[in-house]
Structure formats: C-alpha cells, structure tokens
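See structure below.
Chains here go by letter, A, B, C and D, matching the order in which they are written, and residues are numbered from 1 within each.
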Amino acid sequence: MLAYVNAVISGILIGLAYAIAALGLNLIWGVMKVINLSHGAFIAFGMFAAYMSVKLLGVSVYTSLIPIFVAGLIVGIVAFFVSLYRVLNAPELTTLLSTYSLSLILIGLGTFFFTTNPRAIDTHLGSITLGYSSISYSRIIVGLISLFLAGTLYLFLFKTSLGKAIRAVSQNPTAAKLYGINTTLVLSISFGIGVAFASVSGALIASLFPFTILSGGVYELKSFVICVLGGLGSPAGAILGGLILGLLENLLSLKMPVDYMPFIEFSILVIILLIKPNGILGRR
Amino acid sequence: MILKGTNLKLSFGGLVAVNNVSFEIEEKTIFGIIGPNGAGKTTLFNIISGVYKPQEGKLFFKDKDITNFPTYKRARLGIARTHQIVKPLSELTVIENVMVGACFGKKNYNLKQAQKVALDVINFVGLSTKMFTQAGQLNVAFKKRLELARALANEPEILLLDEVLAGLNPKEVDSMLNVILKIKQNGITIIMIEHLMHAIMKASDYIMVLDSGEKIAQGSPQEISNNQRVIEAYLGDPKLAMQLVGAK
Amino acid sequence: MKRLLVFLIVALFGIFSTQSFAKDQILIGFTTSLTGKLNAESKAQLQGIQLWVNNVNKNGGIYVKSMGKKLPVALKYYDDESNKERVQQLYVRLINNDHVDFLISPYSSDLTATAAIIAQQYGKIMISTGAAADDIFAKGFSVVYQMYTPASRYLTGALDMLKKYDPKAKKVAIIYEQSEFAKAVCDAAKDYAQKHGFNVVMFEAYTPNTTDFSAFLNKMASLKPDALIGGGHFADGETLAKQVYEQKMSLKLISLIVAPAVPKFKEIGEAALYVTAPSQWEPEATYSPENAKKLKLAYYGPSVKWFADAYRNTYKQEPGYHAAGGFASALVLQKAIEETGTLDSNKIKQALDRMNIMTFYGQIKFAQGKYHGLQIGHEMVYLQWVKQNGQISKEVVWPLAAANTKLVFPYNIKFKK
Amino acid sequence: MQKGYTLFWLLPALIALVIYPIVTNNVMLRETVFLILLSITLSISLNIILGFTGYVSFGHIVYYGIGAYFAFYLMYAYKVSLIVSIVLGGLVSAAIAFVLGQAVLSLRGAIFAIATIGVNEAVKSLINNISILGGAMGLYFDFSIYDNYGGALKAIWLSYYLMGTLTILSVIAAYYIKKSKFGLGLFSIREDQDASAVLGIKTKLYKSLAYATSAFFPAIAGGIFAFKAGNIEPSGAFNLVKSIEMIVMVMLGGYGSVAGSALGALFYEKIKSILLVMPYVKDLHLAVSGLILLIIVQFAPSGIVGFLTKYFKNLRKVLE
C-alpha cells in the first residue's frame, strides 16, 4: 500500500514538472497552430543554462530560474522572428521544418560547446522518509515551483490584457485582428513564453536527473504525449496530461516492467489522436 | 424522376441546418434553390453530394437508395457539383484539374480519353486560352468556370451548381447563364443555388425555397415570386426581397 | 543531357581518389567515444592505448624481423559518438581508406559487436577491449580476440560475497541496462543466483540513457531485497547509486558493474560509499613474473607498478581497468608481432591463437573452436568504496585471497550513523 | 498528363552512379554510393506520400525499420534467402502501412505528423521489449550466414547491387505513378481532399495505397542495409533523425518532383559529407545543416527543382 502512496506522490511531483514543459508546447500550438519541434532544444537550453549558472556563477539552481525565464522569453521572441514570422501562413510542413532547423542549430551549437557528455547538478538537499522509501526534497521543490508557474500562467492568461489578447488570438485569429489586436506582438510573445516555459522546465528537470545536450528530445516527446492527452492547445489540459503521465509512469511500473512505459505512452498518443483528437476531456 | 429526397434532416450540435426537407426533381430540368443566408441550401448540397450524411430521411437517385453512399460513389453514379467557395487544385494546371473530373467521373476514363474529354469541356466553358495555367493563378471568374468544367468532365446526369454566378460582372453572368442553358440542352439535370434572382428566375423550371432549414415553398418561378411567405422570409434581407419582387 | 552525364562522371572521379604510401609505420586503427554516453570509459581506454604508443616509440618502435628494422607505431582513430552505425562506417573507412594494419575495438560490447562484423567481413585482426559480452564470440568470428573476462563470470562473485557475509540473505534484486553487455552479465548472474539458492525478487531492465530510477526503486523498496546487483555503463550506474542513496534503500550489498570501478565514481561522495563492483583490473593487483612462474607461464611486458606509475605521471589520474585493458590490448599485438616478426595477418592470427601469457593485466589466453577468441585466462577482482581518514578510496575486497581490506557489510550501515 | 523526358537523363545518370564503383573496384567509393542510393530510395519513396499526396509522414522511417526487422529475422531465425526475405519484408511493411493508413490518414496536417512520430516511437519501444527480437540490443548474424553468398566480401557487393537495383526500380515506379491516373488522383488529394472526393476519387483507398507504396521501397532498403551491416537494433532501425533527414531531402530537391527528390538526396548526402570533413565546420556540422535547412525553408520552399523551373520554364519537362 505504501508503495502506491509513494508512487502517487512522486508521480504527481514529476508530472507537474512535465506539465510545465508541455505548457510551453501547448501555448504555441494553441496560439499559432505550430508544433514547435525546437521545444526539446529549448529544454536542453534551460538545462545547460542552469548547469552553467551553478558551475560558473555558483548560484543555486532555483535562483537561476528567474534569469533563465527572462532569457528564454527573449530567445524565444528572437527565434520567432528568425524561424516563423515569414512562414506562418505556409503549409504545416514548412513550420515543422522551420522549427526543426532551429533545433538543429541549437543542438549543434550545444554539442560543439558542451559535447554530449552527461552532466548533473547536485542539490544535496536530502530526503524525507515515508515508510521504507524516501522522496527527495529537491523533487518536492520542483513540484511546488511547477505548481506556482502554472498558477502564474493562469493568472496571466485570464487576468491581464495581454493574456486575454493571447487567448483571443488562440480562439479566433481573424476576429482578434478585426478587434485591433496586434497579432504579431501576441504571436511573438506567446512563442517567447512557450520557450521560457520549456527552458525553465529544462532547468527544473536538470536539478533532479543527469542530462546531456540531447536529453531535451526525450522530454519533447513526453510533451507531445501530454498535450495530446490533455487536448492540444489547452493550458489546463497540459497540467492534466502531465499529471496523468507522471502517475501512469509511477503507478503502472509497480505492476509491469518499467521498460514498457514508452510503448504505452506512444500508443496512448496515437490512440487518443485517432479517437479523441481534442484530448480525453475534449469534445469530438 | 432522377433525384428524390424524403424528410431530410441534419443538425450540428443544437443548430438544425436542414429540417424535414423533401423534394423530387425531374430529369433534364433546371431546379433552382433559393433562400436567405443560412437557410441550409449549401448544407442540402452537401447532403446530396455525400459530404454530410443526413440524420434522418432518405435520398434516392433513380429510385436507388443512395443515402449511405460515400461521396466518390455518388460522383461515379453521375452526381457532380461545384463549390460556393471555389476549390481549385491550385498547383495543377487547368487541363489537369479538368482531367481529374473526367478520370474519376461516371465513365471512369483512362488518362488518354480523359484528356480528350477535358479538351472538349474546356472549349465548351471557354477556358481554352488558360489550358496550361496553374489553377491557383486564375481570377475568380475563371476559377468559377474551372469549377464548372471539372464538374462537367465528370459527365454527370445531375449537376449541382452552388452560386456559380456570384462575384461575376453582368457580362460574365450572361455568358455563364448561356453555358448553363446549353448544359441543360445536352440533357443534364441541373440543381442550382443562386442569390442572383433575375438569373435564377430566368433559368429555372422549378424553384424550391428554404428558410431556416425548412422548405417553405416550391413551384414555377412565377408562383414563387408571388408567394407571400417567400417574400416575408426575404424581408430580413431587403435587397434580395427587392430583387425577388423586381424579377416578376 | 549528355553533358550532364559526362559532368557527373568527371565529378565522381574528382571527388574520390586514393593514394598509396610506403610502409614506414605500424598503423593501429579504432574508434573511440569522444562524445556520447560512453565518453568516460572510452577516454580511459584511449589513454591506456596512447601510453603504450608513447612507450613503444620511446624505444624506437617494434622490431619487425621480416623488414629487418624497427617500425614506429601510430594510431588512427575517430570519434564514433557512441553510435553503432557510425562505428560500422568508420571501421570500413579505417580498413579501406586508412589501410590500418590492425584494429582495436571501440569501447562497450554493443559497439564492439558491430565493429567485429566489419573486421570479420574484411578479415582484419581486431583485439577487443572494453567488451565483455560472451555471445559476440559465438557468432563465428575468426579474427576477433577478447581482453576482458567475459560477462558470464562478472557478477557471480558478488553473490558469493553475500553468501559468505550473511548466509541468511536470500532476496536479490537485479536491475540492468538494456545493453548487450549488461544483459549478458545479469542473465548469467540470475542463473547463478537461482542455482545457489537465492531468490531473485526483481529482474528488470532499463533503457539506455535512463536518468530517473524512482519507479524502479519504489517497486524495489516494496519487495525488500537484501542485495541489489546489476547496472550497465558509467552514467546510468552512477545515477542509480546516487538515487539508491537518496532514497535510503535498506540494502545489505550493492554491486554494480562498470560505474563504481571508474575512479570518477567517487565524485558522487557519500553515495559512493560501500558500493562494490567487479573489476577487470586494479592497481593493487599482484601479477608478477614470480606469480607467472608458479603458474608455468611466461611473463610479458611491464610490471603492474610501472604501468600504474607511468599512467599516474602521464595523466595525473588513477588508472582503472579500462586504461589497463587498452594498454594490454596493444601489448598483445606487440607480443604477436615480435614473436612472428611480420605484420602478416595470418601469422599474427596464429600467434594470437596459441598465446598464453601473464602480463601486468593478468593472464591472457583465447578460446579456440566454437567460441574462438573468447578470453579464458583472465580473472575478475571486486572492489569497494570505503572511507579512510576522511578520504573516499577504493579497496580490493574479493576474492579473499586477493583482498587488501575487509568488506564493509552491510551497505545500509551508513544510514544508521 | 504528357510524358516528359525526366527518365531519359535520370536513369542513365543513376546507372552511371551505380556502375562507377563496380568498374573501378573501389570499396570506399562503393560505401559512399551505397549510402547515397539508400538516401535516394528513401526520399523518392517518401515523396510519394509527402510530395504527391500531401501527407507529412514525419515518422516514415518506421517502415524502413519494420522491413529491416522482418527481413533480418527471416534470415536470422529461419535461414530464408536474402532476396525472399527483403521482398517479404517490403510486402509486410506495405501491408502494415495500408492497414494503419486506414486510421491515421484520416488525420490531417501537423496532427498527422505527430501521430506518425508516435507510431514510430511506439514500434521502437515495443521492439525494445521483445526478447526474441533481441530487445534493445538487437540481433547479430552468425557469421556463417555470409558463406551462402560466397563469403562476406561477396555478400557486401551483392547488397550493393541489390540497393542499386532497388533505387532504379523505385525511381521508375515513382515516375510512372506520377504519370498515371492514380498519380493524378493523388495530386488532386494533395491539393484538396474534399473536392477530390466530390470529383469521384476514392480518397481513402488512394491515400492508403500511396502510403503502402511509399512504405514498400524503404522496407526493402532496410532489409538490404541490415543484411550488409550484419546486425539490427531498434535505435538504428527506427531513428527519428533519419526520418527527418528524408523530409529534408525531399524539400531540398523539390516537393512532388521525382527528379527533385533524387537530386535532393544526392545533394544532402554530398553536403553532409563535405561538412563532416571540413575543418572548423566539422564539429559544427549539425548547426550548419540546420542553418542551411532554415534558409531553404524560409527562402526557397519549393527546393532546387522549384527554383530552377521558376526561372527556366523549359526545364519543367525534364525535372518532373
């Protein structure tokens, strides 16, 4: 029984971190119907930004989140104008390749500077014991920060005028334009926020697990699964999807070999797309 | 009787787009459908061509129940249509566009035969100068002709025309109307949706009027333009109402 | 159109051309994982080989009788990015473009297995080091020779250790990486455990590059095993040891392959403490000419002390078994060249087939027949990370005859302090 | 659709490419050309579903992997001969694509792309867990298998001849599909699927057939590659990066054009090999190829062929 309690707790904590990664992807899809294939590269960007802050500046990984968020925002806005602005109305293949080329550039530069060697950030915070196994404090902190970030994004989207504009564009771009919303601004900022979330999630994940410059890809794929589970384009869906994925990973693996998880995750992805393309809570 | 619909009904969510509509269409006639915006005209076309399946009611082609036939099968039976919002195959040339119609239409031609048919049809609708232009680069008037040509290349028995006259200047309207009448003379049944009252009154043998998804009248152009209920239905749209009365 | 064709052919001629050169050196080719997950182990292996090259060339090279002169040795190596497809392309290149005389394997059983295919396809002799899987040598290779004690004899000692220190401990969890080598090790360990009365309560594989072991550990905690054995390569093994420590798993013995045997392992600090590992070689090993005489073997090459000191002086690092294996693999080639006095593949092959020598790295003898090339001379030792005078260091604890200190048992004693 | 002149130069050029290493007996060159031929086959095949039909199959490498695994396993476990194995691998892969196509081809645009990535990853992780297929480590031939083909060196040449033949066949097949009624239907679907159905095209059948065809040739190529390599493992057989490279080749050459996808593959391999040996750039080759891709996508979205035919209209007939 305690094993289940443990699994639920770690599932929720890690699920929240996944959700932050997926939120970035989902926001971009919702606003501009672009699947950002450079998502994983930006997660890796966050991981290494955190690593550099800890190693070079000696700040704690949690303090580094703020500059990483700001940097992610700026890099994201620049990336939007470099890779997407010209091709927003082109067929989806173009935007897919455009964001993918961005990912190649980032990963290529990253490999050049950091090689593909594994790195790790040590938080040394100890752990809390529950029954016969323990949960590290660093996981709890990551869970709480993720929750805070998700809440902040909610307030931003629903309580500020820029956030409302973003939602308006995402629901009906043509109408939003007619109402005088500066769509270019909204699109670039949304892309920036998406990238900022990807980077911060990368930093959070890096505080828990070792990583390489290529690790972003794993979490990018997880983000796809989460977005599809919760409904493409829905921020609340990303949280729900993240939690489901975190719980699934931890609970199912109690009963079956852990190695089957990727197969289950991707099968879920395909099946949900086929039978419930708007996510498990979405309408057909 | 070439086409018959009985008690057709289709709703989207809460909105009933077509409600309990029945009709019978005689061979080799022009059957006009009019009605205010949102009356369900295009939805009815989509039901006939198989894009949507009706939730209730049945559709018969020459006494054969085709309610559950997929779209392509109806084209092969001889039901062709044009679209209100033109759908050119943009990166293909005009002749290739028309060949698609011929290849997959009633006669199922091979490429060589299809090319011959396509040439004839292109001449017939007056597109021969644009034969090798990419469809996406045509202007609206030519795109409408292309829609028509592609549908004709299907060699249909019934041709559904969805506002082929909209957006054309008066001269273009006249020449298009001539083409339509010629098509009728070639023995093809035509069902047409049109907002241009004088044109549809002139061309149609029978007219059906839809309003909010329901059939409110049917008859000869003469009868329709005198029908009180029809005029009332159009009062929401004074411009059309004037046209309707003016076309008497 | 014709012009295009001509152009195409001319362009092809231009792009690809080969050159030949006179034989003035012995060229040894291999790939190494300068980047990718196998980086740490590969680097040590490469340094071992380079140490050998420096040493040989300092003496003017290897005397080749058929040429009547000493030839210096040179290395030709590429970065394989820890990627199998790259390995195959690069070995084809080493053989056909760089015209190397002999091959050494990449690091890891997976990469070696793919490189071996190319070596065999072109009939080039390859000494495999850093590859312990047994079944590479059941595929009918005739030119591939193994330096490592094979996987089937890798973790069995850990179970013997457990039995010796706590005869009542019966529950064993085995968690291993989905890789050629780790699976071979753990399949053999599982068989051995079941045969010797242990209860294998968990036997699971994780995908390479796994970074989060919480699901495994959670499951494991509920099964309450006495010992955890398994692992894979460096990065994953280090993470596993770290997360076991963070979750304060109540275990009596942990024995992981590869990671704890790499000197860098101590960087995880307290988490490294009391973790044990099998090792191909340790600087504390006692192989010597006297030792060899007792076994009626010829001793060849430098002493253990010379190697360990030379390595420390050159690289300012502790030598581990990857480095020793690298050095020894080249040493074996040197022995065969000197013995036959040629660079001829067939003759070298015969020399390797009959080789049975003692070196600083231990005994070396290759199987013949069905498992041609499998290492049958060399033996494993076990090490443990302990704390002495506030310093974390590794000591040889098993087999008892070779141990220089006593095993700290049980592992979870460190949580009770 | 009129017959053009594309094959009149493309086929001789391809044949020259295939023959050159044979005539010069240059092994390194053979290795290089082998990879180029593989790329051409992959890009030509992907073009059938991507360029002709308009479906962005992002995880298309899954069919290469399935074919490779199927053929490899037949040879490994049942000692079936090479030719029979690869052809069966191709057929099985095509059949799976056809059946799967019934479902996934109902998705459109980017959602379809994501679903195909999901299919590839799901199949990869499934095979990771199937122990008779060797799990994550994959399978290795017993070396004696090459004895049936006159030894390993002859077997490698054999796989080279087969790859050459396959490439030529796939080019011919793609060209004739493009010029057929079937091809016209596919292009129509690419431009407007709903209008195509109204015009009488069995869209679902056509799409699935195109999908199956575009799975067939890569599957055979996978079988040949695995035979030559002597081993197979999931992360190599279902490598998503390779999948994306296929798309880049098609884009580089020109979406929808047979000659374009062949040229795209050739240029891509060439650029890659140049970048890989260039000093300074070598370590940055990923970033440089990303930059090149970005420039193509932003400024020349219709690829080499699109660029050429825009300025030289007469070239249209030779670059179909």
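Rule of thumb we're sticking to: a contact is a pair of C-beta atoms (placed from the backbone, for glycine too) under 8 Å apart; a residue touches a chain by one contact, two chains touch by 3 or more.
Small disclaimer: the values here were computed from a predicted structure and weren't measured.
Undergrad: Among the chain pairs here, which one is joined by the most contacts?
TA: A-D
Undergrad: Centre of all protein Cα atoms: which chain's centre is nearest to it?
TA: D
Undergrad: Can you work out the whole-Å distance between the CA centroids of chain B and chain C?
TA: 77
Undergrad: Just the number, please: Cα centre separation of chain C and chain D in whole Å.
TA: Distance between chain centres, rounded to whole Å: 37 Å.
Undergrad: How far is the middle of chain A from the middle of chain D, if each middle is the mean of its Cα atoms, in Å?
TA: 32
Undergrad: List the centre-to-centre spacing of chain A and chain B in whole Å, with centres computed as mean CA coordinates.
TA: Going by mean C-alpha positions, chain A sits 49 Å from chain B.
Undergrad: Which positions in chain A touch two or more other chains at once?
TA: 111, 257, 259, 261-262
Undergrad: Give me the residues of chain B that touch two or more other chains.
TA: In chain B, no residue touches two or more other chains.
Undergrad: Got the chain D residues that touch at least 2 other chains?
TA: 128
Undergrad: Provide the full list of chain pairs in touch.
TA: Chain pairs that touch: A-C, A-D, B-D, C-D.
Undergrad: Quick one: which bits of chain C touch chain A in the complex? Just the residue numbers, please.
TA: 34-37, 39-40, 81-82, 178, 204-207, 209, 211-212, 214-219, 221-222, 224, 235, 238-239, 246-250
Undergrad: Which of the residues in chain A come into contact with chain D in the complex?
TA: My answer: residues 33-35, 82-83, 86-87, 90-98, 100-109, 111-112, 221, 224-225, 228, 232, 257, 259-263, 266-267, 269-270, 273-274, 277.
Undergrad: Tell me, which parts of chain D touch chain A in their complex?
TA: Residues in contact with chain A: 50, 56, 58, 103-104, 106-107, 109-111, 113-115, 117-119, 121-122, 124-126, 128-129, 244, 247-248, 251, 255, 283-291, 293-294, 297-298, 301.
Undergrad: Which residues, counting only chain B, touch chain D once they are in their complex?
TA: For chain B paired with chain D, touching residues are 49-51, 70-72, 75-76, 80-81, 83, 87-92, 96, 99-101, 103-106, 110-111, 114, 150-151, 154.
Undergrad: Inside the complex, what are the residues of chain C that reach chain D?
TA: 1, 4-5, 8-9, 12, 16, 18, 84-85, 88-89, 92-93, 96-97, 110, 113-114, 117, 120-122, 135-136, 138-141, 178-180, 183, 205, 207-208
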